[in-house]
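The following pair of complexes shares a single chain, subunit A, combined with subunit B in the former and subunit C in the latter.
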Partner chain A sequence: MLNSRRLVLAHFWLAFTVFGLALVLGAWQMFIRSPLHTWISNPEWYYRSLTAHGTVMGYVFPTLVAMGFGYAISEVSLNQPLIGRKWAWAGFWLIVVGAVMAMIPVALGRASVLYTFYPPLIGSPFYYLGVVLVVVGSWIWVALMSVNLHAWKKANPGAPVPLPMFANVAGSYLWGWTAVGAALELLLQILPVAFGLKSTIDAGLSRVFFSWTLHAIVYFWLMPTYIAYYTIVPRAIGGKVYSDTMARISFILFLVVAMPIGMHHTFADPQVGAGFKFIHSAFTALVALPTLLTVFTICASVEIAARMRGGRGPLGWIRALPWSNPIMLAVAFSFVMLGFGGAGGLINMSYQLDTTIHNTQWITGHFHLIFGGAIVIMYFAIAYDLWPHLTGRAMRDLGLMRLQLWLWFVGMIVTTFPWHWVGILGMPRRMAYYDYTDPAVAPQAVSVMLSAIGGFILLASGLLFIVILLRAQRAPREEAGLYRFSAALHPPVAVPALNSYALWIALMVGLTVTNYGFPIAQLALRSDTSVPAVYVGANP
Partner chain B sequence: MTTQDHDVEEARVAERVERRWATLSIAIIVVLAGAAAFAGIHQATMPQGRVETIQPQIIHLSGEFTEANLGSAAEPDGSVTVRAVGQQYSFTPQCMVVPADTPVVFRATSPDVVHGFLIQGTNINTMLVPGYVSEIPARFKQPGEHLMPCQEFCGVGHEGMWAKVKVVDRTEFLTMSSKNRRVTCVE
Partner chain C sequence: MSDDNVLSPRDPWFRRAVGITAGIFVLTALGGFIVLPYAQPELKVSGLWDAICSAAGVVRTSSAQAPVQPDPKLTKVVITSALPATPAPDAIGRGATLAQQCAICHGPTGVSRADSPNLAGQYAASIYKQLADFKNGARVNAIMSPFAANLSERDMQDLAAYYAYLPRLPGYHPQQSQPAPKIVINGAPMRGVAPCGSCHGALDNKTGSPWLEGQPAAYVKAQLQAFASGERRNDISQQMRNIARRMTPEEIDQAAEWYASQPPTLIHTN
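And then the complex of A and B:
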């Protein structure tokens, strides 16, 4: 059952529209700071663009995808009309209003603080209020997912929650809780200063608050992709999910261990001591577990599909896969990028190796590869898979879809590999220009140029994606049939501890309190480390 | 064998394979965390362990980070301490001198916003957060020059915030430091 089509389509269209706009900014940034362009005469424009690009790509775009997909999952997998559709629209409009409210001061140069905020830099209060509205809109979605699940559970006592909904709700709870860190930072620290009620701020404390959000938000971005791996890919290529239980364990692990590890973002910070840095580092290692489990289960599921199609031999089955199917192509590319990105991630999380690449262009290269690459390519796949069911129209541009995915994959490799490399050479991030005539910087010029070329390939792919969606919207009407998620090879009969969340939420909150409570309390009680706010754009 | 039996048997095999993989995954993770702990205990490069605070608004007026005290100081035990301040949008001193093959400690802080402290070609890389002192032990193998950019966005002048670190021969450094209490290479 997919009744709320307009609602889901509205989320997807808004998501992909803002994505397209931010992509143009991304390509512009790449060009401006590369040797292909002379120094930008007013660097301030670069930081406006960077704030807009980061805010949209980090907060607005993935949140809308998760929400739209979440509503579809709730209706389809529970086979139950969405409860609270009016509220869902309210959440959507809050995001629209919030995004516009945030982007106006950014465009005017009154909030060039970048999406990480980092006080004591302080921009226009409307920028932060806009971000808060986006988060509040998404919290409505979190509540609705919970309400819908509970209504279904009441009607189906004891039945295992369908895997897509189980994962979706886990993701929503994770987001609900992880957003609290930045929300506390905004409400307790930044907004009072932005409104002029207070004039000083503790930068160390705000970095710790932000790290609470900054890590697990990554897993929120990743949730739709993992849900698609487990519940769309096997069906789309004619196979089954190898293990339903392992899938549930993976999602629960994300819920529990994604949170209490965020202080790995403060390894290089002076305001956190060795003890908590090490604890967070050790917990960070744990979060690799659900990904390792997922890689195994998905590879096994894909192999099952190949063997069902007559594939043979230890590796010969790979040839039997439906390579002309865009979903197959997307998941293969996604896994390759996940592999490279994951290897890079092991370096970032390492207590010792981190210092060689901390805050260099390696980091921007890394998260574009994982987030823009492995994750976003599956957002494309989700849209391609759902679109005929949302629009009631045929989707016939298979060739264009394959081309689009190839371009995104190739573009991502061309963009991010040299991006990593200049990071190793020590190129700092977030700079409007670099002096490539300096003999110490000159060796980086070629790599940056390559990245910029990759950026244009990505831009072409992103625009092609939007064209494909638009064309499908105008295609002839065609009944797409019932939308289904993948079936499990061995469907679950009873899933005792893996059917509800109370225990896991308690663990998530408990671990956050043990891993964050003391450092936050200690920093909050300190009075002599605050600095006066530095207002951005105050004197144009 | 009935299809049902066959199914049950298959499910059991699937579970066994899966359990093996899960065990292997956990082993990989334990080895990784263990390696980090081992390297930590044996004093490989380590993130800063101790939290040291400083009142950011008065660092120019008194104490360790007054202007006259910035630069490299030869310590009685033969090591060198380099004190620096990062502010919008420069480092003081703009050019730092250190001797090669000598234990060096960088101590730095910021009076205004968050800055970064990264010496290219080394693994010296930390944050300067107002209110806190960053301390990094280091040792440079060879004489040479390194660029030192600020690696965190600190405002519209961030792209211009670069300093230099000059590594000189130990004897050359000692001559310099016999003439000046604090050594820099600012011209």
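And then the complex of A and C:
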């Protein structure tokens, strides 16, 4: 059952429209700070663009994809009409208003504070209020997912919650809790200063609050992708999920340990004690576990599909896979990028290695590969898979779809590999200008040019993606049939403890208290930790 | 529902999940708060409690040295776009009267002929801040400081309003067509120096940054040298000290000469 098509389509269209715009900004940034272009003379334009690009790509775009996909999952997997559709629209409009409200001051140069807010830098309050509205809109989604699940549970006592919905709700709870950190930062620290009620700010405490959000937001971005791995890919290539239980365990592990590890983003910060950094670092190692489980389960599921299609031999089955199917292509590319990105992540999470790449272009290269690459390419796959069911029209451009995915994959590799490399050479991130005539920087010129070329390949791919969706929207009508998610090899019968969340949420909150309680309390209680705010874009 | 009582200590899932999580936490805490502090001899922990406190980020009391006190003579002014507060209606008139004692050095029209800074048309926020800093000792100058010492809050605001109101005078600028030096337009990114123009105008105006066009070259140069040596330290968050320290003597000369040669009309205020 997929009744709320307009709702889901609205989320997807808005998501992909803002994505397309932010992609143009990304390519522009890459180009103008490369040796291919002369210095634009005013760094302010760069930071305006960067704030817009980061805010859209980090907050608006993935949130909309997760929400739209979540509503579809709720209806399809529970086979029950969405409860609270009016509220869902309200959430959608909150995001529209919030995004516009945030982007106007950014465009005017009143909020060039970058998407991580960068206190003590303070911009126009409307920027932060806009971000708050986006978060509040997404919290409506969190509540609706919970309401829908409970209604279904009431109607189906004791039955195992379908995996897509189980994962979806785990993701929504994770987001609901992890967004609290940034919300506290905005409400308690930044907004009072932005409104002029206070003129000093505890930048260290703000950063700790932000780290509460910053790691698990990555898993929130990643949730739709992982859900697609488990519940779309096996069905799309003619196979089954190798283990339903393994999938549930992975999502539960994300829920419990993705959030209380955010201080690995503050390794270089003096305001956090080394002991807490160590605890967070150790728990970070744990969060690799669900990803490893996922990689294993998905590889096994894909192998099942290949063998069902007649593949044989220890590796010969790979040739039997339906490579002309865009979903197959997307998941393969996604895994390759996840592999490289994950290897880079191991470097970021270890205290000592991190010091060599902290705040360098390595970091931006890393998260573009993982987020822009491994994660976003599956957003494309989700859209391709759902589109005929949402529009009621055929999707015939298989060749174009494959081309688009190839371009995204090649573009991402061409962009991010040299990007990592210049980071190792020491090129700092978030800078508008590099003097390539300086002997210390000259060796990085070629790599940066390669990245810029990769950026244009990505832009071409992104625009092609939008063209494909538009063309499909105007294709002849065709009934797409019933939408369904992958079946498990052994469908779940009873799933003790992996059917509800109370225990896991309790652990998540408990770990938040143990891992964040003291550092936050200590900074909040000390009176000597605030610094004067620096207002941007105000008149002299 | 079968899964509702999972949240009870009698449920095996509950016991296992909580047990494993607590176990990992205790192990990592032992590592982070006890093993690691002892493994770092340079920390010189004086006992178990000290090790734990140091790892928790508590200010350590074991150190024999007194904690370093920040220099009390730092600026107390917080710069916002609304500074100083809206002037009283008679502020400019009062400021003009007060400014008579300043004229010997800063010129009767706020334009100096003696290498003292020009004040006519300077941003009110900048004038107010400098006066407040002279008064509280955050900025020290043997000639200027005595004149700020006895100014009241209201005096400083009125003087700021008065000087901001005066028109900037074009003056004599023989070489104004010379191109802006690199340090002004590009900064020195490899040394972390932002372009002067990104704060002082031409590229962008950042609150609290005075305009510099038409200031005497000797004055600009002296200020940059004072920032570099740390003799002047009233800039918030070391904004200017960090820049001046990394400038070469040639760049200081170039910037000073160029700013002195520019007519103040180049920039606009409101």
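The working rule: the second predicted complex is superposed on the first by the 539 of 540 C-alpha atoms of A that agree within 3 Å, B and C clash if a C-alpha of one lies under 4 Å from a C-alpha of the other, contacts with A are read in each partner's own complex, and residues count from 1 in each chain.
As a working rule, a residue touches a chain if its C-beta (ideal position, glycine included) is under 8 Å from a C-beta of that chain, and two chains touch if they have at least 3 such contacts.
Keep in mind the model is a prediction, meaning the values are calculated, not measured.
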| item | value |
| --- | --- |
| Simultaneous placement of subunit C and subunit B on subunit A, clash or fit | clash |
| Winner by number of subunit A residues touched, once subunit B and subunit C are compared | B |
| First, second, both or neither for A:V531, with subunit B first and subunit C second | both |
| Which superposed partner A:W323 touches (first subunit B, second subunit C, both, neither) | neither |
| Contacts of A:F195 with subunit B and subunit C, given as first, second, both or neither | neither |
| First, second, both or neither for A:T514, with subunit B first and subunit C second | second |
| Partner chain(s) touched by A:A502 [first = subunit B, second = subunit C, both, neither] | second |
| Touched partner set for A:E44, first subunit B, second subunit C, both or neither | both |
| First, second, both or neither for A:G273, with subunit B first and subunit C second | both |
| Subunit B versus subunit C as contact partner of A:N359, first or second or both or neither | first |
| Partner chain in contact with A:A282 - subunit B first, subunit C second, else both or neither | both |
| Clash with subunit B, by subunit C stretch, listed 44-52, 116-124, 242-250 or 260-268 | 242-250 |
| Residues of subunit A that lie at the interface with subunit B and also at the interface with subunit C | 43-44, 271-274, 277-278, 282, 286, 431, 433-434, 438, 440-441, 531-532, 534, 536 |
| Of all residues in subunit A, those that touch subunit C in their complex | 39, 41-44, 153, 157-158, 196, 199-200, 256, 271-279, 282-283, 286, 431, 433-435, 438, 440-441, 494, 496-497, 499-500, 502-504, 506-507, 510-511, 514, 518-519, 522, 531-536, 538-540 |
| Subunit A contact footprint on subunit C (complex, rising order) | 1-4, 6-7, 11, 13-14, 17-18, 21, 24-25, 28-29, 31-33, 36-37, 52, 54-58, 78-82, 123, 125-126, 185-190, 194-195, 198, 201, 203-209, 236-237, 269-270 |
| Residues of subunit A touching subunit B in the complex | 43-44, 46-47, 112, 114, 116, 118, 120-121, 202-204, 207, 242-243, 246, 266-274, 277-278, 281-282, 285-286, 288-289, 292-293, 296-297, 300, 346, 350-352, 354-356, 358-360, 425-426, 428-434, 438, 440-441, 489-490, 526, 528-532, 534, 536 |
| Of all residues in subunit B, those that touch subunit A in their complex | 7, 10-11, 14-15, 17-18, 21-22, 25-26, 28-29, 32-33, 36-37, 39-40, 44-57, 88, 111-114, 116, 118-121, 123-135, 145-147, 149-159 |
